[in-house]
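Below is the structure I would like to discuss, written out as structure tokens.
Chain IDs A, B, C, D, E and F follow the sequence of writing; residue 1 opens each chain.
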Amino acid sequence: MLDVEFAVQKLWEFLREDAYPEDLTSRIVRGVKAEGILLAKSEGVLAGLRFVVPFLTRLGFTVQANLNDSERFSKGQEIAVIRGDGELLLSVERTVLNLLMRLSGIASATREMVEKAKAVNPNVRITGTRKTTPGLRAFEKYAIEVGGGDPHRFGLYDAVLIKDNHIALLGSVREAVMRARKVASFTKIIEVEVSDLKSALEAVEAGAHAILLDNVSPKEAKEVIEEVRRVNGRVIVEVSGGITPDNVVDYALAGPDVISSGYLTHSVRAKDMSLEVKPINVC
Amino acid sequence: MLDVEFAVQKLWEFLREDAYPEDLTSRIVRGVKAEGILLAKSEGVLAGLRFVVPFLTRLGFTVQANLNDSERFSKGQEIAVIRGDGELLLSVERTVLNLLMRLSGIASATREMVEKAKAVNPNVRITGTRKTTPGLRAFEKYAIEVGGGDPHRFGLYDAVLIKDNHIALLGSVREAVMRARKVASFTKIIEVEVSDLKSALEAVEAGAHAILLDNVSPKEAKEVIEEVRRVNGRVIVEVSGGITPDNVVDYALAGPDVISSGYLTHSVRAKDMSLEVKPINVC
Amino acid sequence: MLDVEFAVQKLWEFLREDAYPEDLTSRIVRGVKAEGILLAKSEGVLAGLRFVVPFLTRLGFTVQANLNDSERFSKGQEIAVIRGDGELLLSVERTVLNLLMRLSGIASATREMVEKAKAVNPNVRITGTRKTTPGLRAFEKYAIEVGGGDPHRFGLYDAVLIKDNHIALLGSVREAVMRARKVASFTKIIEVEVSDLKSALEAVEAGAHAILLDNVSPKEAKEVIEEVRRVNGRVIVEVSGGITPDNVVDYALAGPDVISSGYLTHSVRAKDMSLEVKPINVC
Amino acid sequence: MLDVEFAVQKLWEFLREDAYPEDLTSRIVRGVKAEGILLAKSEGVLAGLRFVVPFLTRLGFTVQANLNDSERFSKGQEIAVIRGDGELLLSVERTVLNLLMRLSGIASATREMVEKAKAVNPNVRITGTRKTTPGLRAFEKYAIEVGGGDPHRFGLYDAVLIKDNHIALLGSVREAVMRARKVASFTKIIEVEVSDLKSALEAVEAGAHAILLDNVSPKEAKEVIEEVRRVNGRVIVEVSGGITPDNVVDYALAGPDVISSGYLTHSVRAKDMSLEVKPINVC
Amino acid sequence: MLDVEFAVQKLWEFLREDAYPEDLTSRIVRGVKAEGILLAKSEGVLAGLRFVVPFLTRLGFTVQANLNDSERFSKGQEIAVIRGDGELLLSVERTVLNLLMRLSGIASATREMVEKAKAVNPNVRITGTRKTTPGLRAFEKYAIEVGGGDPHRFGLYDAVLIKDNHIALLGSVREAVMRARKVASFTKIIEVEVSDLKSALEAVEAGAHAILLDNVSPKEAKEVIEEVRRVNGRVIVEVSGGITPDNVVDYALAGPDVISSGYLTHSVRAKDMSLEVKPINVC
Amino acid sequence: MLDVEFAVQKLWEFLREDAYPEDLTSRIVRGVKAEGILLAKSEGVLAGLRFVVPFLTRLGFTVQANLNDSERFSKGQEIAVIRGDGELLLSVERTVLNLLMRLSGIASATREMVEKAKAVNPNVRITGTRKTTPGLRAFEKYAIEVGGGDPHRFGLYDAVLIKDNHIALLGSVREAVMRARKVASFTKIIEVEVSDLKSALEAVEAGAHAILLDNVSPKEAKEVIEEVRRVNGRVIVEVSGGITPDNVVDYALAGPDVISSGYLTHSVRAKDMSLEVKPINVC
């Protein structure tokens, strides 16, 4: 509920970025009432409408949403109908489309990876990373959840993840985990990024709650996962590194608890949508 | 010069998004001095370092940049070397990489389209659109310029572009252009989006400075461009609609002044980079 | 429509400037309902009520506006009637009056210049400059439009205007225009400030879309305008430099397309208004 | 000292208003070093340089100030010399001039009124009002002080001033003063606006510390002042209402402690200044 | 009235501090409607509900307040009943309680001191100081007023208070007061902090409106107060320094006009309250 | 490192709250150089100087710190010496003292509880709660860490804590935990607040990582802790509810992993400090 407030405030900032201090062109339709059909131009999973509807409503529009976030849309489907002041509608059109298209792109790719991975490993979780677009973190994490994924850390402040660079500065996995256990609150899990079995076991022995296997082949992943499980059945194992819808099945078959993918946010394609507007008499 | 200040302030906001209120993990390297190598993991065109260097410098780092924005980097090239406080370096790593990777992705794709198009039509301009990531408009427009493109409108406030939806609300191209000429400042150009010759000519006759041919085939584009040129040699003609590096040559051969591409910002892939960190004694 | 949102947010900031963190005096009328008559104390053209009405409405007042922006008011005319909480009304009174008085001052002076100039040169446009009050740019540009003027550039970001200082740093008008054509988007016009015929022609030949003749007499202006027109009939010619309602006719007779005046924003007198308040039973 | 920080932050906002997100034109002088002479184009009293110098210094400029705020400048005098990056200098030029011109206009008018009034009434104070430009209150109050005036209330939060509208809602001067004495902190003075002797005496008897005589002739003012003084020698008497440099002497002769003038901020003319720029080799 | 707007905006910031970017736990009750009883867990004076009610209302809750600020509550009393979305209610619970508990703690302690002091010295005022919690000044001053106290200065901007450190830098009380009379507006009172009779008399002679007797015993206070009164009956005398509910009567008996206490804001205990929530069918 | 930047920015806001728009009194010492001794007026543990030093340094002061945060100070000890502009020093004095006094109060109370608890239960952690002062969360959590405590959750966004009100809305502990496991990221721990053994065991069986025993006596706590440990040795047990330095030993003896205390932030007394200022010739 609350994130809606956060999102609406952000949508305002995005609108200002586009329409600061005003829209020169749309003045030509001042006084005209309009109806806009939000149209999908390809199939996918919807994300972002949860925020767009209250944003438009507060601007005075009447919005009829035919779908909710996380539902699939098909090519040509009318996702929503928006009625109200024509000048304002044309001013907000691009801001709204830019957000919906990007978030739906992320949700669609996440859903694809989730379905492919769960088909072979029903308990695996697909997660995003912190490789998000600067300024859009909360939205993109939301889109991953809408797609059925796990958002992973929102930021550096909410869980401990010891990465290769931390270890490089401290000299050993053990030293890094020990320090983390000392400075971290009891409310935080400690995860360690490793790329081989030896480091994985060192992390587990030092008390890590989770292991992030980065940049290993599916075969290597399988070997490490099995050995870690043998040593400590409660440790969570995550794999990452260049995983996309194309190779996610191979990694899912390796048996991890979690598969994380930067692709979902840094290189995904937007889902094309458009707004088809016509004049109306009343709204 | 000024945009650097704007960008540095934005980088602060992006860092806050990731590290609010602080980085739980990097505390484990408190007091360690570090050197980080910014490494390219594929080839491309660099964009964003112009803002990252002063950002890091103000945070107390020493930065040695081996490349400038708009220069090409090859896979494995050391783009920059950063020295300073290790804890802080690991805290800013992801924010910096996220920006550089995305902007370099845009600049690289733009450069590719510019080179392909100019090879067959030396005077054509490649431009972005307003289909940018919410909140990143100024950065993404910058990356397009770095790639050799034209930024087109920054927002709804700096030029008049009458789109299909404006025309739909007013009933005719002529009416729309007439209204725009009345309300727009003499300092603004008036461009009109059309998809056929008839509308294009109507816009030109009504006094438009530029025509945006949207969603036409290269063949249709060629016919409209030639006829518009015949009627009025000063009108600028832009083509758009699903143009990517794969089909840009076909459109360039149609002879437009400008080719615009939403792909450059809404669906481009980031260029992979990493930061390789090691401890040092002094910085 | 959108600018109303922008303006209302700014009005909040202006109110905070006056009433931070609260109004010590108006507490003495807590609980009293009031009606306030917004009264003109001289004649003029109204500007700003478009923003003041929604601002007051959101604060819970009922507002009955007897005039719209751009309409004339006479001395003693009741511009609007405001009803609601007396304490709050007295707290916002000065903020609202300060804005209305200043904007109406600008709109009135603009209207005067527009009417005088068009009487002798029906196609001429009167425009403001960037010599606006710091922080009030968008409001003052709006007041100029309300007065019948052209707002000219909103800021350095929306059109190219090469001024004497740019030319001084580059050595020649030609060099400056050439550089601008290279770095500016195709969506921007290029205007050049000059003060003699030779420079004007150099700018036109280099490809400038508009010429700003600064600090010339009406007689000199006439000569340059005629010669520029002879060479290139499409170039827009603007004159500026110390132009006020007192001498605008002389410049209008010289035949420019545009007359710009810094006086309209940096030295105009406010239009006096007051709020006459009385207690009421219900609102 | 502190207000400098406040002012520099505001100057940043003013610059953003003009140069958001960047200056399209000044890019043509990228890389050129420049020297700018800040030149007075009429005589007056300087105000604002105290804030402009640190603002420019932090932007990387070297500034040599030949005058301090509150000193007089003559027509053609070189107020300051600024050296540094040419592109940035042209980007900040207008923001700096707009502030200096307006504040110096206010300081100059204040100085004129102070000198005229004190020539006939050496102990009188000239003060501003809250009729300031929205958003510029602190700057304009500063300019009044620089001109030798008293800033009066900064806002509704720092002293009690019971105006005609407060009295209209409460029914009597006595009631208003009594309520104010009850709710106001002991740290605040209570001033009451009146326009006749009867109300003035009622306010004094109720315990007001100061009387604001509004919209009375100099002759009426004199009579009320003398009678109030006779009744209570400690009460401060202020006069206001249409007082400008033209009639200030008449009011000063009436013997008030304070003369306040809205003209100083709502209708004063800016002092013309310019920046003359030339290229240099080093800065 | 106005301060409500200020406070609601602040409450938003406080909520963001706790729930940024969202509440992970309360998602588990998504869709559940709830009723929450705001319960007092000890007796005291209520403060803060004036702001909490509109804050909750704008979030969509229905609030039934059984008490107003400044009224006493007893242990176990139901202060208010809140109905609405359960997820959101649990997200705002702590923010609302944190504010109400702290402000009610301050109001209760103030009321205790006011009642004790007035029992022996009916005209004395109890005031707070500037020793408030950073960021909460306006709220804490409000709580003092609600408790029956005088807020004293809100900040360094609204009255002159010459403290020991000012005098230490200038060498004498006389010099300090003389300078203050010169630079301060006529709308400001001048108060001087002293700790002995000699300095008190020096301040009075130099023209101070008020004396702050700091860190003296009740006996010393009495002597100074009587002597100052003898010399000048209009000067306000304030005492301060380690005054709490435990010793306030001793100081009140010394006869000051004002007693100020930093304890009220820097060391007061919060009043315990809780929110008891249950599911409901409709709200 | 980063939190210093965050804190310095906040200190600016706190200063603005006190000195907006400027300090009326300290102008009387304009031009005087000063040295200020930061003096402890009771013993305690220092917290906050880590942020105050860079804040003062950026304002131009030279600061010599004799102690670091987390070190003990004795009554009368000179904590730091600050040299620089006298006017500015007196303007920032109260802001700096307010922060240091409050944070040191929290750190001192935390240290006391930590030492008492660890004397009887060496592995127990003392933690704060979310009952912090609105707007000061990050500072108060920091002070708890400086005192040797564990900060617990920073906000609702970084760990799952199912409280009594969540359970009240869902009907059962099991249902609440099950839902949390479904919606929470794998990176978050799930803690459940209970007040009896039955609920504790239900939570453990449902998969909670931690149990918060709220409002139980030390004896009850002991019984639940032992039984929970018997069932599942890995579950973390936290106790809370009215725990202060006076009763912390009793609870520590019950054997919990964690003791949390709202007292540390909602009702702690500030540690008294002062700044003793004198004039100097150079700084």
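Note that a contact is a pair of C-beta atoms (placed from the backbone, for glycine too) under 8 Å apart; a residue touches a chain by one contact, two chains touch by 3 or more.
Source: prediction; values computed, not measured.
Of all chains in the assembly, those touching chain B and also chain C are A, D.
Steps from chain A to chain F, taking the shortest chain of touch contacts, total 1.
Mostly identical positions are employed by chain D and chain E in their mutual contact, as over half of the interface residue numbers are shared between these two copies.
The best fit of Cα atoms from chain B onto chain F calls for a rotation angle of 120°, in steps of 5. We define each chain's centre as the mean of its Cα atoms; on that basis chain E and chain F are separated by 23 Å.
Centres computed as Cα averages put chain B at a distance of 45 Å from chain D.
In terms of their C-alpha centroids, the spacing between chain A and chain D amounts to 52 Å.
Shared interface positions of chain A, defined as residues touching 2 or more other chains, are 19-23, 91, 138, 154, 157-159, 188.
Contacting chain pairs (ordered by label): A-B, A-C, A-E, A-F, B-C, B-D, B-F, C-D, C-E, D-E, D-F, E-F. If you check the complex, the residues on chain C that touch chain E are 15-16, 19-23, 30, 85, 87-88, 91. Those residues of chain F whose C-beta lies close enough to touch chain B in the complex are 1-3, 6, 138, 154. In the complex of the two chains, the chain F residues touching chain A come out as 125, 127, 150-154, 157-159, 185-189, 191, 210, 234, 236, 238, 257-258.
For chain E in complex with chain F, the touching residues are 10-11, 13-14, 17-29, 32, 34, 36, 86, 90-91, 93-95, 97-99, 101-102, 105, 130-139, 155-163, 165-166, 168-170, 176, 179-180, 183-185, 188, 266-267, 269-270, 275-279.
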